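Before anything else, here is the set of structures, which you'll find just below.
Shared chain: chain A. Partners: chain B in the first complex, chain C in the second.
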Partner chain A sequence: MSPFEISFDGRPVSVVPGRTIAAALLSAGIRAWPSGTSSAGLYCGIGVCFGCQVTLNGRAGVRACLVEARAGDVVTSVPSRGAGS
Partner chain B sequence: MTYELAVIGAGPAGLSAALAAADHGLSVALVDAGERPGGQYYRHPPAELGEAWSPSFVRLRERVTGHPRITHLAGHRVWMLEPGSCFTLHVLVGERDGRPDVVRADRLVLATGAHDRSLPFPGWDLPGVMTAGGAQALAKGALLAAGGRIVVAGSGPFLLPVATGLAELGAEVAGVYEANRPRLSLARALGRNLGKLAEAAGYASALLRRHIPYRTGHAVVAAHGERALEAVTVARLDRAWRPIDGSERVVECDAAAVGYGFTPQLELPLHLGCAVRTDGDGSLVVAVDAAQQTDVPGVWAAGETTGVGGAQLALIEGELAGLAAAGARPDRRLLGRRARLRRFAALLHELYPVPAGWAGWLGDDTVVCRCEGVTFGRLREAVEELGAGDPRTAKLLSRAGMGRCQGRVCGHATARLTAGLTGTAPDPTGLAHRPIAQPIRLGDLAEPPYEQL
Partner chain C sequence: MVGAACAYYAGLAGLSVTVVDRGSVAGGTTGSGEGNILVSDKEPGPELDLALLSAGLWRELAAEVSGFEYEPKGGLVVAGSPSNLTGLRSFAAGQARAGVVAEEVSDLLALEPALAPGLAGGVHYPQDAQVQPMLAAARLLQAARTRFGARVRTGVTVTGLLRSGSGQVVGARTSQGDLGADAVVNAAGTWGGSVADLAGVSVPVLPRRGFILVTEPLPPVIRHKVYAADYVANVASSAAGLETSVVVEGTPSGTVLIGASRERVGFDRTMSLPVLRRLAAQAVALFPFLRDVAAMRAYCGFRPYCPDHLPVIGPDPRAPGLLHACGHEGAGIGLAAATGHLLAQTLTGTPPDLDLAPFRPTRFQSAR
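== the complex of A and B ==
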């Protein structure tokens, strides 16, 4: 299967099908993003630390490490503490 | 419908429990947060990316998913368990949507596994620092190395497959730093367990072949970088894990995979009121009898929730729990294998302790609670100036453990640091209770869109 695109904070990110949003961002060189927690970024990788939370297609509080990306997903980081969910 | 049994968790213990119970006639709901069965140990990529790495897992998965009496409920996160005439599992379906639903069952097997145990150190909140299990999850689930040049550090045999897995994906592993010095006594222990000996020898030869340095008695005591990880400081440790002056050196890397053993996920058993005990590694675990039954009628537990012991032990405990839940008698050989593997697990707990000297790696400005940004200085203030005498009070006064992860990441450290500051024994129960086991939206709580009880 060929790569598809998602949008992250307005910029296109190419995704290898089957990867989670967090894995897709990491492989695009994006290691961390504001997530509403103090220490943001991919840390536990298995849904425990909540450091990778994003807003996905308008739905806040989604752990990027748990959700497989789909073509056309609109992903936004949580701009400031408490504003996302 | 009401299932005769719900197994929560589809890792080695849960898969094995579901199969044993269904083979003995029970209708089973296998309820799992993951999209694919296997849990952390058998984590594998989706079909588009690759294959499951374990042939024995593939066989187990086929038997489970093809079983006429097992319903596999993937992507179902249990946020609350309600006892009654039967157990009601309140679930959220799918991380993407999180639709509320309920599953009902007469009996329960809890097989919720474990996550990495973290110790804080200066700079551990920099992007690029991950848990060892997190790096392993990316490697197994996405076939992706967490960085280009990676340091693996912490304590326990788990560091070895993490390091070799990253190297296989093409990452440069700058070094494996094991804080303990288990070599001699470990060799004696392995000599009595041929399967584990072969596994350890395989990792050792893989490290040698790839020229990956393996240093015991060393730890990553600080991480450095402007906006993301650029280097770590590695120091030699004394037996109490205090860094030895002058031994520090800087190792450049863009990722670090760090883990100090595992913390069992006990939200659900604690919520049900299951009796717990402190295991040899300091973890809070569910107390079970010879049949894996908890002290709550109709509830069994298996795998890491009853003591961290690895996948082979989890498979056996799961089978025993499934048999017991179905009212079947266990095979004596199974009991013997469980006893042997539990002895081995206890030995590993002895060989890879986490002595208190790591607290000396922290400065007052080192973050302890990643969610709330609570520093060691603020935790110290809560104890020394505000009078917190136990981890729970320290949490309430400092906010350590009050953020989104609810103390899953910093709970162990907060309990240990509070104990160190107050001169008391660590209390692993203080930050372990989470009556709501998964975050749920207020709207879903206020207006359950599912059928009322």
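== the complex of A and C ==
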């Protein structure tokens, strides 16, 4: 299969098929992003630290290191959930 | 934390300080705490007086030392039933007479939109605050070192106390040599009894295990420290079996901390799923949105408690030269600032701002 594209915060990211979203981001040189007053990003790579949470196709709180990327995925670092506020 | 505060305030008072910790900074119960600075959960009495003094001092430390996520967020105590609310109201009235600001809340959801509907009511305590306890201990010790020349020796165990011919405590024996001192402060928390034993005196501190559940990072939802009115009864109880009461709050990093449990199981660190299940269920009952949130990890620690649920603070007349600052049971973070301040006053011969008699180490035994 040939590489496909996903988007991260509006930027196109090329993905080698079979890679997780986190691996795709890492290959594109993206390993951290602003989060609140601090930053989030790739840390443990094995789904334990919850640092790599992203919003995937509208679903918030997805650990990027646990999900295989699919062509056309829309990934954002901005959380889209927050009950009550 | 209590030790770190003692070191800071003693250094501030001009004393030469060496801190000896057999582990790392915040390696004891300090690292297992939630970072509570509460007046809301204390009934009128010496502990509340200590808490009020300490809350003010923590506010000053946030400005003078800083760097530990001090949040003057306020506490919200909610009552599930009308009878809970009646009890909470009269409890708050007593606290108000002792100097606590306690405001009954008519619209709970305006203060905390994510709360479950249908709660009978609540009281808001604006004086409650939170810190990140590991950062706070580290920052206090760092300030003690860099501003007052204190020495911090981690990984060093106190194995005995040095006594003069007349029985005066004149220092500590450690795993890395003897340290001479004009005074030794026992701030060993849950292990304070063992340190007291080294001086041949009894300070009856026992462990009370608590768990905290930590959620995945979330956008800001919970605005205050929120807990149920039955938390106060649990704090004051001496029951050995599991007691849980819900305490929920957010942190600057986005995680939500969920407590609180109390058990007398010695120093058993085994992870307990039944406890965590209860904590989770109680939290979801209070904040339904938590049902869909992932729990990331849990940790436990051992609150140091004395039979009368008051800490031990002050000089030990049975071993002159030895002072105690331990046994703060679940309030160690909040009470640390006042404890350190009062200890420093005692060490320099200044009359302490609070009467330390209720906290004297000799109160557990009949007069000799």
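A few notes on this one:
In this text, the second predicted complex is superposed on the first by the 72 of 85 C-alpha atoms of A that agree within 3 Å, B and C clash if a C-alpha of one lies under 4 Å from a C-alpha of the other, contacts with A are read in each partner's own complex, and residues count from 1 in each chain.
By our rule, a contact is a pair of C-beta atoms (placed from the backbone, for glycine too) under 8 Å apart; a residue touches a chain by one contact, two chains touch by 3 or more.
No experiment lies behind these values; they were computed from the predicted model shown.
When the two structures are aligned on the shared chain, A:72 is found in touch with neither chain B nor chain C.
Once the two complexes are laid over each other on the shared chain, residue contacts for A:38 go to chain B and to chain C alike. In the superposition on chain A, contact of A:61 is made with both chain B and chain C. By the touch criterion stated above, A:3 is placed in contact with neither chain B nor chain C. When the two structures are aligned on the shared chain, A:53 is found in touch with chain B and with chain C. Between chain B and chain C, B touches the greater number of residues of chain A. Touch criterion not met for A:12: it reaches neither chain B nor chain C. Comparing the two complexes, residues 36-38, 40, 50, 53, 61, 85 of chain A contact chain B in one case and chain C in the other.
Residues 112-114, 216-221, 252-254, 287, 289, 293-294, 296 of chain C are the ones touching chain A in the complex.
By the touch rule above, chain A contacts chain B in their complex via residues 1, 16-20, 23, 26-27, 31-32, 36-51, 53, 56, 59, 61-63, 65-68, 85.
Contact residues of chain A toward chain C in the complex are 35-38, 40, 50, 53, 61, 79, 81-85.
Those residues of chain B that touch chain A in the shared complex are 33, 35, 40, 45-49, 95-98, 115-116, 125, 127-131, 133-138, 141-142, 144, 146, 228, 367, 369-373, 403-405, 408-409, 439, 441.
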